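Naming follows writing order (A, B, C and D), and every chain is counted from residue 1.
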Amino acid sequence: GSGVKEVPAALESVTEAHWVFPNDMQLASRNYRPETREVKIGDVTVGGKTGNTILISGPCSVESEEQIRQSSELLKSLGLTALRGGCYKPRTSPYSFQGLGLEGLKLLAKMREEYGFAVVTEARDATHIDEIIEYADVIQVGAKAMYDQGILRACAKTQKTVLIKRGFGTTLQEFVQAAEFVLSGGNENVVLCERGIRTFETGTRFTLDLCGVEWLKHYTNLPVILDPSHAMGYAYGVAGLSRACIALGVDGLLVEVHPNPKVAKSDASQQLNHEEFKQLLQTLHPIAASVGYKMV
Amino acid sequence: GSGVKEVPAALESVTEAHWVFPNDMQLASRNYRPETREVKIGDVTVGGKTGNTILISGPCSVESEEQIRQSSELLKSLGLTALRGGCYKPRTSPYSFQGLGLEGLKLLAKMREEYGFAVVTEARDATHIDEIIEYADVIQVGAKAMYDQGILRACAKTQKTVLIKRGFGTTLQEFVQAAEFVLSGGNENVVLCERGIRTFETGTRFTLDLCGVEWLKHYTNLPVILDPSHAMGYAYGVAGLSRACIALGVDGLLVEVHPNPKVAKSDASQQLNHEEFKQLLQTLHPIAASVGYKMV
Amino acid sequence: GSGVKEVPAALESVTEAHWVFPNDMQLASRNYRPETREVKIGDVTVGGKTGNTILISGPCSVESEEQIRQSSELLKSLGLTALRGGCYKPRTSPYSFQGLGLEGLKLLAKMREEYGFAVVTEARDATHIDEIIEYADVIQVGAKAMYDQGILRACAKTQKTVLIKRGFGTTLQEFVQAAEFVLSGGNENVVLCERGIRTFETGTRFTLDLCGVEWLKHYTNLPVILDPSHAMGYAYGVAGLSRACIALGVDGLLVEVHPNPKVAKSDASQQLNHEEFKQLLQTLHPIAASVGYKMV
Amino acid sequence: GSGVKEVPAALESVTEAHWVFPNDMQLASRNYRPETREVKIGDVTVGGKTGNTILISGPCSVESEEQIRQSSELLKSLGLTALRGGCYKPRTSPYSFQGLGLEGLKLLAKMREEYGFAVVTEARDATHIDEIIEYADVIQVGAKAMYDQGILRACAKTQKTVLIKRGFGTTLQEFVQAAEFVLSGGNENVVLCERGIRTFETGTRFTLDLCGVEWLKHYTNLPVILDPSHAMGYAYGVAGLSRACIALGVDGLLVEVHPNPKVAKSDASQQLNHEEFKQLLQTLHPIAASVGYKMV
C-alpha cells in the first residue's frame, strides 16, 4: 500500500530484530519503488536507465592459475570486465571435485589485480561467507544456498553486490523473499539470476524460465541476470538461448567458458570453448541493440 | 542405425498394421534425415533453407463474423498470411464457452476466401476431425489432444500440414513420438509447436521451454513453432517472450490477438490488442534479421 | 452456494446446450451433495456407507485368450469380481504394441460370460468409444484421454459406470472438471482414479499423489480408486504402495497382474506375477479392516 | 561392485580430503551393505530387524515454556519418547516469525531433563550448527538446508543421529548423496525423511512421494521416516496419510501437534490438536501390527 512508500528512510536503520514491513516482497516490489534499481558490477552499473547488459563469464570452477589466466586473457581480449569462477563448489556428491577453496579465491584476486576484473564467486555455505565477502566483488548466492540465512544475513551487512540465483525448486515469490532478507537487512545492492528450474523434462539439465523473468521484470524493481549455461546443461544450446535472453531485454548474462571444456573438473558438457564464445558474443550485439540495450 | 536411412521408399506404403521401424523417434530424427524438413503453411514454406519465420495470429476463439473479420483486416494490413482461430475449444470445464463449432469453421473458410489466408484451427477430439481436415489448411492438434490416436491417425491420411502442440505434461520424446504417428502413417507435413509446460511455478500460466526447443532443433528434423501467448498467460509478457523466441531462430510464432481482449470469451488475459500487436511486429523484424531469419 | 442444492431435479434434463450451473466442480462437490456417491462396479456397490474397497485386477493388455483366461482363473480362485484388460492401448509410440482392439473386447466379453466378472476396459480415443460402451461394464477413461470430450460426452449419455483416470499432468481441479462433463451430461455413475502424476523424480515411473487423494475425499463426493501399478512402474514397490492405499481408506484398488510379466507386451516391469498377487491380497484384508473397509 | 564391500575398515579413517569411493551412493547402498542400518533415536533403536516405527511429534516451533510443556505432557501421557520442535525456523520470508533460537534450545533441553525425551531439532544454517549439535539428540537437517555442506560436514564429525529431510526439489539420488556426505565423513547414524516434493499440484502444500520411499527402501540401507504434516499442509489429511505411511512399513513418523493450532506461530494449518493426535495414534497400532511393525 501507500504507507510503504513513506518509510525509505527507516530502511537504513533496519535490523534483524525490527523488520520494517509486516508483509512479503515489499522492498523489491515495484509498488514500493517503481523504477528498476541501479546496481554496480565492478565499474559497470546495470539497471535504472543505463540500458547495460553485462556479460559475466569464465569457467565453472577455478582449477589452476594457468586455466584462470587463459580465461582472463580471453575476457580481456573481448573487452569484458566481469570474471566468474567457483572456488567452493556446491557439489551434490561428496565424491566429486569440491573446488580449490581459499586458494582459488586468491587466484581470482590476482586476476582482478592484473586485469581489473570484477570478480564474481559463490558462497557454498555460511562457514566461509566471510572469505567470500572479503575476496569477491560480487557475492554469488547459488541455487542450492539461496535459502541459507547464514549467508543471506551476512550479505545484508556488507555493501557489496549480491547476485542471488533462483533455486531450481524455488517459486518466484520465494526467490524474491530471499532478496528481501538482504534488502531489509540493509544492503540494497541485489541482483536476481534465473538459471533454470527443475521440471519433469530431463532431456535438458533444467528448464530456463523466461516466463518467470517476465514476471520478475513486471513485479520487482531488481535487475535480472540470466544463466543459460546451467539451464541447458549442454553447450549445443547455449548460444541460441543466450540470444533469446538478450532479446528479452535483461541486465546481464552469465555464460560459462573454459579453455578446454572436455577436461573441465565440473560441468564439462555445458561450457563453451573460446572460439564458440567469441562467435556468440558477436551475435549478441545487434540483438541487444534492437531491444535498446548495450552489451558491456 | 544406418539401416533406417535405406527405407524411405517403404514409407509410402506404411499402414497402421505394419509400422516400418521397430524403435522410436526415427523419421523425425536428424539421424534419419539430417536437414530440417520443408513444410508449407498456405503459400509460405518454412524449414529447410528458407529462413522463413511465419507469424500465425488471430483470436483464441472465433466468436462472431464481426470479430473474425476485424482480426482478418488487421492481419491483411500487416501483410500476414496465416489466420488462427478456435472453433472446438478443448475447455477444461463443461461450464465454459465451448466454441462455435461448424459455424466457426465456415466463418474461417469465408475469411480464407475473401483474404487468401491459410487457416489454422484445432481439433478437440476425433469426433469432428473430418470437419477440421476439410476446412483447415493447417490442422492444429492441441496440447490436450496430442495423445489422441483417433486424431493422429486421421492426420496421417491427409496431406495437409499438421501442427502438433506439445502437451503441458509431455516429455520431448513423447512429443516427437506423436509426430511419428503422423509421419509413419504417411503424412510428412508436420510441424511441432512448443506452448509451455506445467511446472511448480504458478505465477505464470505455464513455463515456455526454450531449452526444450534447442533440444528439438538439435535432434529432430521438424520445423518448430513457438506459442508464447499460452505459455505466459498474461499479455504483459507476450511481447518480450516473442522477441526471445525469434532470437532463438525458429520457423514460426503463434500469437493471440483480439479486437477487444477484455470481452474475449476465452483466454482474455493473454491476448494482445491490435495496437500492442502492431508494435510487437515492428520489433521482431530486426531481431529475425540478426539471426538470419525473415518474418513472413 | 445454497442455490445449487435446489436444482437436482433439473439435472435429469441437462443437455450439452444447457449446462445447469455456471461454475466449476459443482455436481462433484460435497457442497452440492455432502455424502459420497454410491456407484456400481458390476454387482458390487462402492461409496456411500458400503465400506467396500473393490480390487480390480488383470493384465495391462489383453494379449490372447490363453493369457486372459489364466488371469480369470486367478481372480476367480481369489473371489474377485472385476477384471481389467486393455484392448486399445494408448501407447506413446506408434512402433509399440497397440492392443488387440475389437478382438480383445470379445475375449473380455467371453470371460464375463464364463466367469461373471465386471469388465473394465479403456477407450483410447473417440473413434471406438461406442464399442467400448457396448462391451465394457466399466468404461475406463485413461490418463491420456481424460480431456477428450468426444469420449466424455459419449460417457455422459450412457448409464454405465465411468472410471476416469487423472492425467499425469492434470491438476486436481481439472480432474474433477472432467468428471463434471459426465455428471452434468446426465450420467451420475462416475469414479475417480489417481494413478500417479509426473514430477521431476524419474527414479520411479510416476509419483502417486496420496495428498491429492485426501483432497479429493475432502472436497468431492465421488468414490476414489487408486492405481499403484502405473504410479510406481516397478513391481518391487507395488505391494507396499497397495497397502498404503488401503490404509488411506479408499473405494477401490487397481493392480496389474500377469501370468508371466517378463513376456508381457506392455508395462512388463510393473505387473505382479500370480504368486506375488496372492500374497499381496492376504496382507490387504487386515489393513482394510483396521480402517473400517472390506476388500471385495 | 564387490570391491566396495572390502573397505569398511577404511571408513573409519575417511577424511574430507580422501573420500573412500570414486562414485556416488555407495555407503548408503544395499550393494555395499544389504541390511537396513540400525540407528538410535534416544533410547529407541530403529532399522535392522527391530521392527520399530518411532513416532516423533511436537509443535512446529518452540514458542514458549508453557506451550512446549503442554506438548511434553501430551507425549508423556501417550508413552512417546521423541519430542520435536523448531528453534531456528528456515522461514522463506524475513518478515515471518524466525524462532526462539538458543532460548528455544534451552527449553527443549529442559524438557529432556524433566521427561526423558530424545530431542529432535533443526539446523537452519551453518552459523549455529554447533549449538544444535550440543543441544539436540537428533540433528534435523531441513529440506532447505540439505545441500548445506557446512551443516553436513559438521554432522559428519559428531556421532549424534542425523535426520536428513529431502529437499522439495531434490531427486532421490541427490537426497542419498547428502547422506553420503555424513556417512563418508565418519558418522554412520543417518536416517532419511521424506516430507513431500514440490509438483504442479497446489491444492495441497506438497506431494508426499511414497513411490520414492519404496525406491529408498529398495536401494538404500538407511532407515526412512515420513513427515505427512509438511507434505499435506492441512490438518484434514494428516491422519489418513499417517495411516498410509505406517502401512507402507517405515521406521518412523513425524507428526506436528500443537496445544492450539489456530494460534501457532508457524504452520498453523497443518498441526493437529491434542484430541486429533490421540485419536490418530490409536488407529496406527493395528496397521503397524499388520505389516510387522510396532509403534514406539
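For this structure, a couple of remarks:
As a working rule, a residue touches a chain if its C-beta (ideal position, glycine included) is under 8 Å from a C-beta of that chain, and two chains touch if they have at least 3 such contacts.
Everything quoted here is computed from the prediction, not taken from an experiment.
Among the other chains, D has the CA centre that is most remote from the centre of chain B. Chain A and chain B have CA centres that are 35 Å apart. Mean C-alpha position of chain A lies 48 Å from that of chain C. Residue positions of chain D touching 2 or more other chains, listed in rising order: 169, 198-200, 202. Arrangement of the chains shown, judged by which pairs touch: all-to-all, with no pair of chains left without contact. Interface of chain B with chain C (complex): residues 16, 19, 21-24, 26, 90, 92-95, 124-127, 144-145, 147-151, 167-170, 174, 177-178, 180-181, 184-185, 198.
Contacts from chain B toward chain A in the complex involve residues 169, 171-173, 196-197, 199-212, 214-215, 217-218, 231-232, 236-237, 240-241, 243-249, 283, 286-287, 290-291.
In the complex of the two chains, the chain D residues touching chain B come out as 169, 198-200, 202.
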